[in-house]
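Read from first to last, the chains carry the letters A, B, C, D, E and F; within each, the first residue is number 1.
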Amino acid sequence: MNTKPTIDELFDRRITYPDVDLKDRLDDLVGLDDHKARLTKMISLLVNPAGLEAWAEKYHPGANGVLGTVLRRPPLVVFEGDVGSGKTELAETIGDAVARQEDIDITLYPLSLSTRGQGRVGEMTQLLTAAFDHTIMEAEKLKAISGKARGAVILLVDEADALAQSREFAQMHHEDRAGVNAFIRGIDRIGKGHLPAAVIMCTNRLGALDPAIRRRAADILTFERPNETQRHAVLSSPLKQLGFSQAQIDAVVAATGALNGRAYGFTFSDLKQRLLPQIVLDAYPHRPVDPARAVEIAQTIVPTPPFMEDTS
Amino acid sequence: MNTKPTIDELFDRRITYPDVDLKDRLDDLVGLDDHKARLTKMISLLVNPAGLEAWAEKYHPGANGVLGTVLRRPPLVVFEGDVGSGKTELAETIGDAVARQEDIDITLYPLSLSTRGQGRVGEMTQLLTAAFDHTIMEAEKLKAISGKARGAVILLVDEADALAQSREFAQMHHEDRAGVNAFIRGIDRIGKGHLPAAVIMCTNRLGALDPAIRRRAADILTFERPNETQRHAVLSSPLKQLGFSQAQIDAVVAATGALNGRAYGFTFSDLKQRLLPQIVLDAYPHRPVDPARAVEIAQTIVPTPPFMEDTS
Amino acid sequence: MNTKPTIDELFDRRITYPDVDLKDRLDDLVGLDDHKARLTKMISLLVNPAGLEAWAEKYHPGANGVLGTVLRRPPLVVFEGDVGSGKTELAETIGDAVARQEDIDITLYPLSLSTRGQGRVGEMTQLLTAAFDHTIMEAEKLKAISGKARGAVILLVDEADALAQSREFAQMHHEDRAGVNAFIRGIDRIGKGHLPAAVIMCTNRLGALDPAIRRRAADILTFERPNETQRHAVLSSPLKQLGFSQAQIDAVVAATGALNGRAYGFTFSDLKQRLLPQIVLDAYPHRPVDPARAVEIAQTIVPTPPFMEDTS
Amino acid sequence: MNTKPTIDELFDRRITYPDVDLKDRLDDLVGLDDHKARLTKMISLLVNPAGLEAWAEKYHPGANGVLGTVLRRPPLVVFEGDVGSGKTELAETIGDAVARQEDIDITLYPLSLSTRGQGRVGEMTQLLTAAFDHTIMEAEKLKAISGKARGAVILLVDEADALAQSREFAQMHHEDRAGVNAFIRGIDRIGKGHLPAAVIMCTNRLGALDPAIRRRAADILTFERPNETQRHAVLSSPLKQLGFSQAQIDAVVAATGALNGRAYGFTFSDLKQRLLPQIVLDAYPHRPVDPARAVEIAQTIVPTPPFMEDTS
Amino acid sequence: MNTKPTIDELFDRRITYPDVDLKDRLDDLVGLDDHKARLTKMISLLVNPAGLEAWAEKYHPGANGVLGTVLRRPPLVVFEGDVGSGKTELAETIGDAVARQEDIDITLYPLSLSTRGQGRVGEMTQLLTAAFDHTIMEAEKLKAISGKARGAVILLVDEADALAQSREFAQMHHEDRAGVNAFIRGIDRIGKGHLPAAVIMCTNRLGALDPAIRRRAADILTFERPNETQRHAVLSSPLKQLGFSQAQIDAVVAATGALNGRAYGFTFSDLKQRLLPQIVLDAYPHRPVDPARAVEIAQTIVPTPPFMEDTS
Amino acid sequence: MNTKPTIDELFDRRITYPDVDLKDRLDDLVGLDDHKARLTKMISLLVNPAGLEAWAEKYHPGANGVLGTVLRRPPLVVFEGDVGSGKTELAETIGDAVARQEDIDITLYPLSLSTRGQGRVGEMTQLLTAAFDHTIMEAEKLKAISGKARGAVILLVDEADALAQSREFAQMHHEDRAGVNAFIRGIDRIGKGHLPAAVIMCTNRLGALDPAIRRRAADILTFERPNETQRHAVLSSPLKQLGFSQAQIDAVVAATGALNGRAYGFTFSDLKQRLLPQIVLDAYPHRPVDPARAVEIAQTIVPTPPFMEDTS
């Protein structure tokens, strides 16, 4: 690891907003309106901090002092919740809402899994540092000399568990500890630079997150498995395409909830990656899809079990 | 490990389909019809994605949108289940069904056990990466410029437990973690390339599979010890060859089930690798096989105990 | 790590006192008057040991002997307590009080997280030694040939848990043990040099602190989550700026205490970094802040759980 | 370990059959007739696979298909059982029976304990690979172009526990895992070469054997502590030499069983290595052996406790 | 660590006796008269073994044989007991008593904490060996050709826990084990050289001391927290200096015992390093010390908890 | 460790028998007559195997066959038992009995603690191998061409626990495992060479001894704390020298047994290294020993606690 890692080694697939497909995917995320609003505001303010001052002048003329507590927050949001609860989907699409609202371009840099490195001493630190270097360099280009930034950057750290594991666990390996430190330094560098850049970290093990990271989070958004309304919103459109009636759709939705003594229903992923494809493939290539059979298929699928935190 | 590993170091014994012996072995796999159908469709669609569109045009003209959920699934199927439940047998023979249906050649690349490496830092990652490099290179040759691919590749990862162990276990070694990452990258590379290549992973420790791998699985097929019908199908032909009557065969089949307070019966392997050879060798070289003695032999064999997951 | 680490690698952001902003932040720390007084005296005596003799001459003319027990104490203070209980805030601001009282300049050197190193053998020791080298060099410049020092230095070791973990835990790693030793040597070097330098160590795992460090602490100050009075002091001024009445402020303060069966209230950080920004952002950009809504927001926030010591 | 290990480093003491002393030792092994028969047949078939076809032609003319299940079994037999239950003795002597029956020479290669290596990374793998290289080279010399082989080779892996420990244990060391892989590759190479070579592996921890090895075993033979008949067979001849009457021998045999609340009797080793020498030495040099005293001696010896599997 | 460590790296601060300050500190150690007498005799005999013969001639003319058991004891004394119970203080001052009684110079070499090394393989062994080399070289200079030595050396190993941890703990690291061995060799070298040198080892984890070290200890002296008399002796003089009456002193002494359900009182360190300084600083700079307030201060201090041995 | 270790690095202090002092120490070992007899016979037979044949010819003319079981035993004896129970003392003195009986010279080589090495990979193996090389070289010089050897060698492995720890413990380190293997090879080399050399291994953790070593032991001798008779034998002579009456001696002996609810009495070491020296030093230099005071001293000494095996 003597040479600098390339951008392709650091990031998986960059996404630029606005993008109409991503707008559709964001709109498809039902039941997360509060999450969307909080995220949009947070990222917007990184781009356009003057917006908050304008608001305060209008509604709270004497409140300039309180604005600092908002603007000084580290540019880190943690998404925590079960596997398949929509964390990655929202992280990959929220940029579109901000891009449209602020009328700028936004780029998402998803930290590659390879950034976890291959176990060489010091490697994870080098890779993380390089990833933050790149993020900061891009954000500096976009930063306005005055007023609103010309664009923004989102660094996405998905499946962050190993990276940011808590030092509460005594047996933590030095390499991991170094990763936590490199991450904290990266967050602090963005924050101090007042750059138009945000970091989104997704984890299904909030309890294992290092306190030093947790306390730097401006916001911690919790994600849950889809409830009936959300499952309906996910399934309704594709099933309608396949000719299902409303009652038939309802039957499938019901079959994907917590049933028969099991404590949990389908995840978003279970619905999209497993149920819908199996309904299609079951019919393919010689028959049309049969709504009654679709319910049967839903009943045979065992939803992904919730991620159990290892408390040992 | 400075030089590239050769193809013989990476893979155990390549198998090309169609092959009449493998067709026989596939046909011998009784009770797995649903698994066979789902696998065949999945691999066929990788070879010939246009088939799905043709189907939709015919049966669901307005449903083009839903096809993406099927075609975008990662090209990974997980076979999970007990030792000796037929996972390897199906993985090694399913290619024949697809080859015949699509009228193309298919090649199976079984990842060598040596790919787990010998403990040198970074080695497992290099070997896995090389294995995926090779798989992808072969699949690219077969990919059609338009329409149906001229062939397909299956990468088989048998006994995948060590390779893909869950990061839920806090004490996981960096080397293993790197293996998980290399594996995920490989799956993603095949998926993004829209190549005629599928990955089959066999494990008897589904609970220990890394969530990042589990969620990439297009399908998880569960295998169980053979039930009475399946045991009958396995034993019937060879015992008939040895002159057993139907009743005598039934007696042997019964003696291989869950009996006498033990909770489990014979595995497929127990039937083929232990029971049948012992029946033959007991008689060899001076006597013919005696059906009554065969039942006695079945009663003295202790079936392989189920693999107990280590939950520590 | 063959070259000496630079000062920027060793320390995060140096702070020089007196500074009017830091005075404000120190004044904002309500309910910690005893801590402030003890700290101020301790640091003042390092700068001006003659002050104690003057005091003794005035009030206890025969008590010169007892002064040695005070002046010989190692220049180490441990701040221990829960996450977000004000440890870092006091450590970063107390220098202002001493600077004003003694009419000198004081500089704070916050040990960088990177000083924990990246797991190379011997690295943490080298970094810690370099950090103490620098602290001592600066303090020696400020030491008076006779009488009062011309300035003082504070070395801040925040989140010191990993660094100074107890050797009571048998599984402690050599690298960590070496870090403990380097730290003890550093403390001893400052103490023997009679330098105008103090070390403040913050930890939320007092029980895990190495006994050899614990017994060198001149003082151990305990920090707790803010009580109602302290929460009121924190929230009162910003909420007033937003136009809240006294009763409305009280309602928010009440909503941040231990409620509804949960055993703990908001931390200082929860109040400043999470509650106030969310109150503002909830209204931004189109509405003024609504006091009734602020209470609702407070009720939805789950306070940071207390740090549980790992006793395994 | 840059140079190839020599044959003397790899193997302990080669044994060639037929050998009259070993015939005697094999004949002395009472109560193991079934084990002897199964082993002899298995090894004979490796030497002379045509024998099975001849048998089938004679007794089961239509059963050629079933022969493959016998001949395709991997050439591995596992001996499992308690310390001192005769595993090593049978492994070291069975070659004599096959040599006589097939009228060929057979050589036993006992894998040296040093093959476990000294902890250098990759070393166990290199040594095991070298041992299999040698075994295969020797077997290839003996393989017949057609018909019966001119000789055979047995590779004995005694005390195989560390070598082939199960991957079920999560904390398994990479070095050990590499050893398992090297072993499996070796077995597979012999099997694919259709060589006149068999591998016998002895273990007292069957539960800890890697499933990938267990499932390759053509046969697993279980050994137990000697029962009364077997103990009698062991002791009868030497005690008669010392002038014991039948009743006196019976008394000694009885004193070596499970007695006085202890759950187990003497092992074969306890009888030969401890009891008989102590009876002799107790009398030596000035008295003849006294049968009554022999019983007393047997009563004072605590039999070797059974090997307890470590289930942690 | 290729070059020899210097004497300053090996030892903290050499102390030479007699020294009037150290005599005072030794005299201040109340309640340890038996420890002082045993230690003085033991070290005196190392300097002057002829003294014992003279004694025997006078009082037990026929008992020369028994003297060997005394003179052959290894020159190691273990001080064990709770943190702050006076172990280090006695170890640093006892030399003065022997120096005065035997009318010679004695030098104390306190093994530096850095001798524990920084985790490099073999380093602790090298450092310990160097420390013993130095001790032995100095002692050899002082050894008499005949009669009484011209001086003596004491090697002090404080906080010896990590160094001499028991091999009873299976997970013990090789590096630590090597440290134990180096230590034992050092003790044996001094003993065999009949040198005027003693080793004092302080530990608060007697149970964790390696049996091979424990059995070499000529004496194991146990230290406890100060009882009321001892606390009185510590506090009486400084409080009198501050103008306390006898009753006021008694009140402070009472407040430092085991009180209010807590099972232990103040340690020597708690009294000197924490209580007395806080009494002074509480008054400083504007008030004289107030005896009533001193009792309050004592009541607010939580005594250092006893060191709990880690039995995991 | 590239150069061969010297003999002084390998062994602690060679002892040559016969030696009158050692005869005295052997005679002092009361209550171990059976151990002495068995050891003497075993070592004598290594020197003079013809002795056994002569005995058989005289008393059991037809029993030549049984002699092999005696003469083929590996030349290893294990001494197991509590700390301070006389294991080392017997190991260091038994050579004298054999030397006198066979009228030859015998040399004891006590394996140095340093042979455990300092943690470098492969080092323990090299040192052990070198130690066995030396032992074997010496024994070969002494071996007779025919008849009785001209001398014998005893290799003593004291405190063998770490060296020969059981592979039953899964977490065993490779380095240790290599040590076990080197040890077994050494034993086997002596045995196969029919050399006049015996190995005595002392351990206080029999349960932790590797089964492969345990089963090679020709004899396992158990040692216990001294009973009243043995304690009397140890104390009687020195106390008589100091002028104690028989009743006074009895009182001291009684005070060293299991008393006052404690489950164990003094070890041999406690009696010799702690009790007797303290009785002398208590009186020295100004008073004669007082028998009543001696009992008091015995009552204040806490006997060494038994070594508890670590079963984790």
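Note that in this section contacts are C-beta pairs under 8 Å (C-beta built on N, C-alpha and C of every residue); 3 or more make two chains touch, one makes a residue touch a chain.
What you see is a predicted model, and the numbers here were worked out from it, not measured in a lab.
Following the contact convention of this document, no chain is adjacent to both chain D and chain F.
Of all chains, the one whose mean C-alpha position sits at the greatest distance from that of chain B is E. Superposition on CA atoms relates chain A and chain B by a rotation of 60 degrees, given as a multiple of 5. Under half of the residue numbers found at the chain A and chain C interface occur in both copies, marking it as a different-residue contact. Between the CA-based centres of chain A and chain E the separation comes to 59 Å, rounded to the whole angstrom. One inter-chain figure worth recording: chain B and chain E are separated by 68 Å, centre to centre, where each centre is the mean of the chain's CA atoms. If you average the CA atoms of chain E and of chain F, the two centres end up 34 Å from each other.
Within chain C, the positions touching two or more other chains are listed as 169, 171, 173, 175, 312.
Interchain contacts close the chains into one ring where each touches exactly two others, per the touch definition above. Each chain touches the next in a closed loop, which from chain D via chain F reads D, F, E, C, A, B. Taken together, the chain A residues at the contact with chain C in this complex read 38, 41-42, 45, 51-52, 54-55, 59-60, 62-67, 69-70, 73, 121-122, 125, 167-171, 173-175, 177-178, 181, 184-185, 188, 211-212, 214-215, 218-219, 312. Those residues of chain B lying in contact with chain D across their complex are 12, 83-84, 113-114, 116-120, 159, 161-162, 165, 169, 171, 173, 175, 204, 237-238, 241-243, 269, 272-274, 276-278, 280-281, 283-285, 287-289, 304, 307-310, 312.
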